[in-house]
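The structures considered in this document are given below.
You will see chain A twice below: alongside chain B first, and alongside chain C after that.
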Partner chain A sequence: MTSTSVRRHRATGLVVLLAALVATGVGYAAVTDSAQAAPPQASETQVQQGRQLFLEGCATCHGLAAQGTDSGPGLIGVGAASVDFQVTTGRMPLSAPAVQAPRKTPQYTPEQVTALAAYVASLGAGPAIPSDSDLSTTDANLAEGGELFRTNCAQCHNFAGKGGALSDGKYAPTLMNATPREMVEAMLTGPQNMPNFPNATLPLEKKQAIVKYITDNLQNAAAPGGLALGSYGPVTEGVFIWTAGIGALLLAAVWIGAKVR
Partner chain B sequence: MSLIVKEAGKAISRADERAPISSLAKANLRKIFPDHWSFMLGEIALYSFIILLLTGVYLTIWFKPSMIEVPYHGSYAPLDGIPMSEAYASALNISFDVRGGLLIRQIHHWAALFFMAAMIVHMFRIFFTGAFRKPRELNWVIGGSMIMIGLLEGFAGYSLPDDLLSGVGVRIVAGIIESIPVVGTYLMFFIFGGQFPGSDFIPRLYTFHVLLVPGILLALVGLHLVLIFYHKHTQYPGPGRTNTNVVGYPLFPVYTAKAGGFFFVVFGVTVLIASIVTINPIWAYGPYVPDQVTAGSQPDWYIGFLDGMLRAIPPGWETVIWGHTISWNIFVPGLVMPGVLFTLLLGYPFIEAWVTGDTREHHLLDRPRNAPTRTALGVMAITFYGILVLNGANDIIAQMTSIPFNYITWFTRVGIVVFPPLAFVATRRFCLGLQRRDRDLLLHGRESGQVLRLPHGEFIEIHTPISDTEKAVILSKVDVPVIEAPPATDENGVVTPGLKGRRRRAKWSRFYFGDNVAKPSAAEIEAAAHHAHEEHDHEVEELTEGGKDIPARLTD
Partner chain C sequence: MSDNHGTDVSVAEHGDTPEFPLPPHHHRITDTDPKAAKRAERQVAAMFGLSALCTIGFVVAYVAIPTDTFIALGPIGIVQLSNLVLGLTFGLAILLIGLGAIQWAKKLMADEEIIGERHPLGSPKEDQDAALAEFQTGLAESGFVERKIVRRTLIGALALFPIPLIVVLKDMGPLPVDSLNHTIWRKGSRIVVDVTGKPLRPEDLAIGTLVSASPEDLDKIQELEGNQNARAKASIILVRMRPSDIKSQQSPEGQTWDYQGILAFSKICTHVGCPIALYQQRQHSLLCPCHQSTFDLADGGKVIFGPAARHMPQLPITIDSEGYLVAQSDFQEPVGPSFWERG
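Coming up: the complex of A and B.
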């Protein structure tokens, strides 16, 4: 039998399809298993690699055993979700001491982030990185998400998720670039000045509803009224009327009032 | 054609037999108005008001002023099933399910912003040109009252939809009312029909917004216009314009065309803005729930100065008397200061009249530079107001510039005391400088940039005399005499009656007019002209003479 004839065998297609399905199923199960497990079943190598990265990049402020120093908080028990949020959004490592860590280009590759998260998670139990199914919003209620958003989030992040100023230069960042995973991780861990909303007080389904409201209604906001002027409220409307509005009418008045000889 | 004229004539006669239409039209249609673009600012406000009335009627057809809670099941999905007041539900209905509703809502709201902004720009023109002086003090008071009432009307209007943003504003106003010592809480309960928010406020506000206040505004607008007709319009100084004439064009056809056209421009610009720029996206704010709030909650711009004042006052300024707290930190910025500001605003014509002791009528406008203290006071007031408006938006500015809003608040607390006086001094010096320049222009003409070297080596610059129009404008300046303080006693040693008041007035008079640069007298102008003439002749003489004598001079 030549290889061509094997490929041409009637059953070959079926066998390949079955094999592919099995592989996908097993692979998917493996992936979801590892993500859902709390604490995550990270390999010892990952923990070791994470420890190495931690000592190089984080220990200066967080302490050699992540116990915290004057310059940075302790990380024992903050969980993998916290590490994933802070490092994938580029907030950590901090480029310079400031009232708040700004979002910037991530400094670590996804593998390095996983290793760091594994190391920090190994120090003490904390919120795990949410799995893809945790982030599914297909069953979530959009209107309920809006209600929860206005009750819990809008007071700092503004009604349109554009962010807002807090005291002494602190701020709630805009939600326009946040991914569903970042949103859920932020709610679970309460980074920077944000309070945390553990699943005991805000169940996962409600978090999903909020995520749905942000992704479907705020990040892709329809603008039935036209230009939204940044959704900052009446201040930008006032600036508009005093510049473009009154400006246009003054020009018209000068035009009409001009002497015609 | 002749038939039409005949029939029209008959109709007019029939009308005239019953009311004096023809004679009224004859007397008023040919009334002369002076021409200047700045005389059209009030028209913007008037036309915005008409737009507000028209669009407002459309909105009342659909709006339900009720605080009864209903679940929403309209076409805006993100609020589906959410409980809300009928007022908010009907405002959503206007925005999404009524044909043209959102456009009309946006026209109405943008026109409201135009109305307030145009009234204020118009007021600046009136103030800086001294058009509020006798006999127009009453019209100034009417205009100022309209700004104050317009502010309340605007607040009522944007609060009616009962959305999350405006609900926060209503809560602040409820707090300000509560801060009134002794009666505050009772008054708040009286207005809201019980505890905040209750269920009476929106229906009450609705009556206030669509019936009471527009009625008052309409009456005031009518009175304002009648008084303009009665007083005749003021005019800017210029050749042939005096305090006893009006130089311009007749109402019909020139101003009917110009004003009619301008109405369509204002309407067009408002509709254009309303079609392309969102205002007050109530659907995005959500319904008002007392335990919710959004970051960057702001009032419409004309309330901003009040918010800025509230935000600037340091916390903790309170007195506790017999277990009752008086919150000065809310009462003073929320009610006392706006009260003082509006009293000063409305009273200004009378204050200035007292200082000048002037009882003449003024129909010729002042150039702002010729009333430097008034102009400086105006700029000072604008600076004061502007700082408050900025502080009202301190959180938005903080967000956009990354400057902590605590710094902006402190900047306001210090700046509100420091910057207005600086603005006053700078503006006054600037005006006095312009007066000196005017005097110089009148006496010596304009520097032409042509420099001549005379044969004997002297350099002179040729000055060209200014035009007659410019001369007339500069000469329109009225030198207001500074009132001198009387001696303490007369020659018989009798104490001058009312000494203290007269001294105070003399002091204010010197403050207002003491530094004014005197307009050159006729003799001075004559002398200057003579001098220039002589010099010019002299130059020409020397030049021609020089031309002949060059070799001789060179050999010297």
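Coming up: the complex of A and C.
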């Protein structure tokens, strides 16, 4: 049998292709956190001011009396906490009809949010905006918070709190930028497709435990093993190993087979 | 054996000239220039030497670097120093041995083109005949053919021998028997919130509320008595929706399985048994994170997407005399994935 004659490989094209594949890194958009003070108590003037803002900015979708229309749900009885969550995270007002309202820069000042919340709260009883003491996690049980998080939150928001996909283009958002107030408000009111977790089923101190777990354990979590690839699990890990890992193997194969001069 | 036209392998008898001549052979620079060869030798030795250093470095790092030291590594984030160094030294140690070996083979090992001769694979006819004759002799001398009782008892003994291996499989545990068809839910079992153990009243749940729940009796079952199995089968989710939103339920004619819009469903996916709580309260749909099976809880837990073959089993619920939510009975069908005997 003839020995295999070593053919000269034109590896340049392959190398360029692989370099491009490997360079396809994942970029992370860091959104800055904006903590804010507790809104003061609502007064009659705030309700009036809120009503004015509502008619200007919200009534198109939610109806002139906040009764809801085909384009938006009714807001009677959703409570001040719901308004505070939706508007301070910039999810409302919606910039365009979409399956889900994304987090964006808030469109209203804190005073305007307070007024809007006061107006919607005046329409019907609902969850109030949590006070600073409601948000205190000093006495919260971190271990219990972890267990509750894994039982109630991790399914959608992912074990690392990085969020995850739902059906039809909807998603559970990442919790990395969420403030304790937003977390408690979201649990109380169930924004968009999230179910709600009222204090009757998940008491406030349990919510505080979950908040403590998220803020202390997840939001500043180190990645002991190195590149966490977004903590999304098999999708990003698979993409990485199929491009960077197999790419490296291909490069090695090209080098081993290359003609020696 | 020279009739090989039409194949790309040339088979040469000993001493023949090859049918397909080789292209001219060019020597490598390391074959002609001793300086280049020396350089290649140094490269290979350096790789092997570095590998040894990395191995020593691994041992040193393992002993010296505390596991609670973290460093910030630019875009990668905050990384445990010990893991980083251990991984790098160990990985480089094996990689450098491999790279050195390949470099050695490519640059320094003999670079001659050799014609490998290929012979017929079968043994020569006389060897085959001799082996067969030897076997026949052995057969005759052993008396395997004539002594029928010896032969038959041997065959019988060998046939029975594997039976103990099958009998000891019994120790793999009892058959599941009926346990797959039942959970610990029974008439009057109180529904409590998972983890916290709080019993629930209907007014605790608002429209759109989701509760991961379990039977109150679960805590009374000890670990060794199968607490985890009981939990795995009995886990449920409670959701509340407007009664007008409920299109259908699994309850037979004349029965009410919800309580004023509060519905209880198994938490275990009917596909391969992942626990599900991805409840999208606007659509009343339950999405399994494993394979995207989607169940419409407003429509009797019907499968609306994905690989699940059966609807999500519904637990009939009501309230007891003290106003707490309880089960009306066990599930009316096995929960979780399909199994053989289920048919």
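The rule is simple: the second predicted complex is superposed on the first by the 219 of 261 C-alpha atoms of A that agree within 3 Å, B and C clash if a C-alpha of one lies under 4 Å from a C-alpha of the other, contacts with A are read in each partner's own complex, and residues count from 1 in each chain.
Here, a contact is a pair of C-beta atoms (placed from the backbone, for glycine too) under 8 Å apart; a residue touches a chain by one contact, two chains touch by 3 or more.
Keep in mind that this is a model prediction, so the values were computed, not measured.
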Query raised in the report: Between chain B and chain C, positioned on chain A by superposition, is the outcome a clash or a fit?
Result: clash
**Report entry** Per-residue contact with chain A, leading partner among chain C and chain B
**Finding:** B
Query raised in the report: Which holds for A:223: it touches chain B only (first), chain C only (second), both, or neither?
Result: both
Requested in this report: Once the structures are superposed on A, label A:232 by its partner contacts, choosing first (chain B), second (chain C), both or neither.
Outcome: first
Query - Partner chain(s) touched by A:155 [first = chain B, second = chain C, both, neither] - result: both
Report task. Once the structures are superposed on A, label A:143 by its partner contacts, choosing first (chain B), second (chain C), both or neither. Result -> first
Report task. Have a look at where A:163 lands relative to chain B and chain C in the superposition and call it first, second, both or neither. Result -> first
Report task. In the overlay, answer first, second, both or neither for which of chain B and chain C A:256 touches. Result -> both
Query raised in the report: Taking the options 236-244, 344-352, 434-442 or 524-532, which segment of chain B carries the C-alpha atoms that clash with chain C in the overlay?
Result: 236-244
Query raised in the report: Common interface residues of chain A with chain B and chain C?
Result: 147, 151, 155-156, 164, 167, 172, 223-228, 256
Query raised in the report: What does chain A use to touch chain B in their complex?
Result: 142-143, 146-147, 150-151, 154-160, 162-165, 167-169, 171-172, 213, 217, 221, 223-229, 231-242, 244-246, 248-250, 252-254, 256-259
**Report entry** Parts of chain B lying in touch with chain A, wherever the complex brings them together
**Finding:** 35-41, 43-44, 77-82, 95-96, 102, 106, 110, 113-114, 117-118, 121, 164-165, 258, 261-262, 265-266, 269, 273, 275-281, 283-286, 289, 291-301, 304, 393, 395-396, 398-399, 402-406
Query raised in the report: In the complex of these two chains, what residues of chain A are touching chain C?
Result: 1-3, 5, 28, 144, 147-148, 151-152, 155-156, 164, 166-167, 170, 172, 190, 192-198, 200-203, 206, 222-228, 255-256, 260-261
Requested in this report: Could you pull out which chain C residues touch chain A in their complex?
Outcome: 9-11, 18, 20, 22-23, 28-30, 70, 73, 75-80, 83-84, 87, 102, 106-107, 111, 113-118, 193-196, 198, 200-201, 203-206, 208-212, 239, 275-283, 285, 287, 289, 292, 294, 305
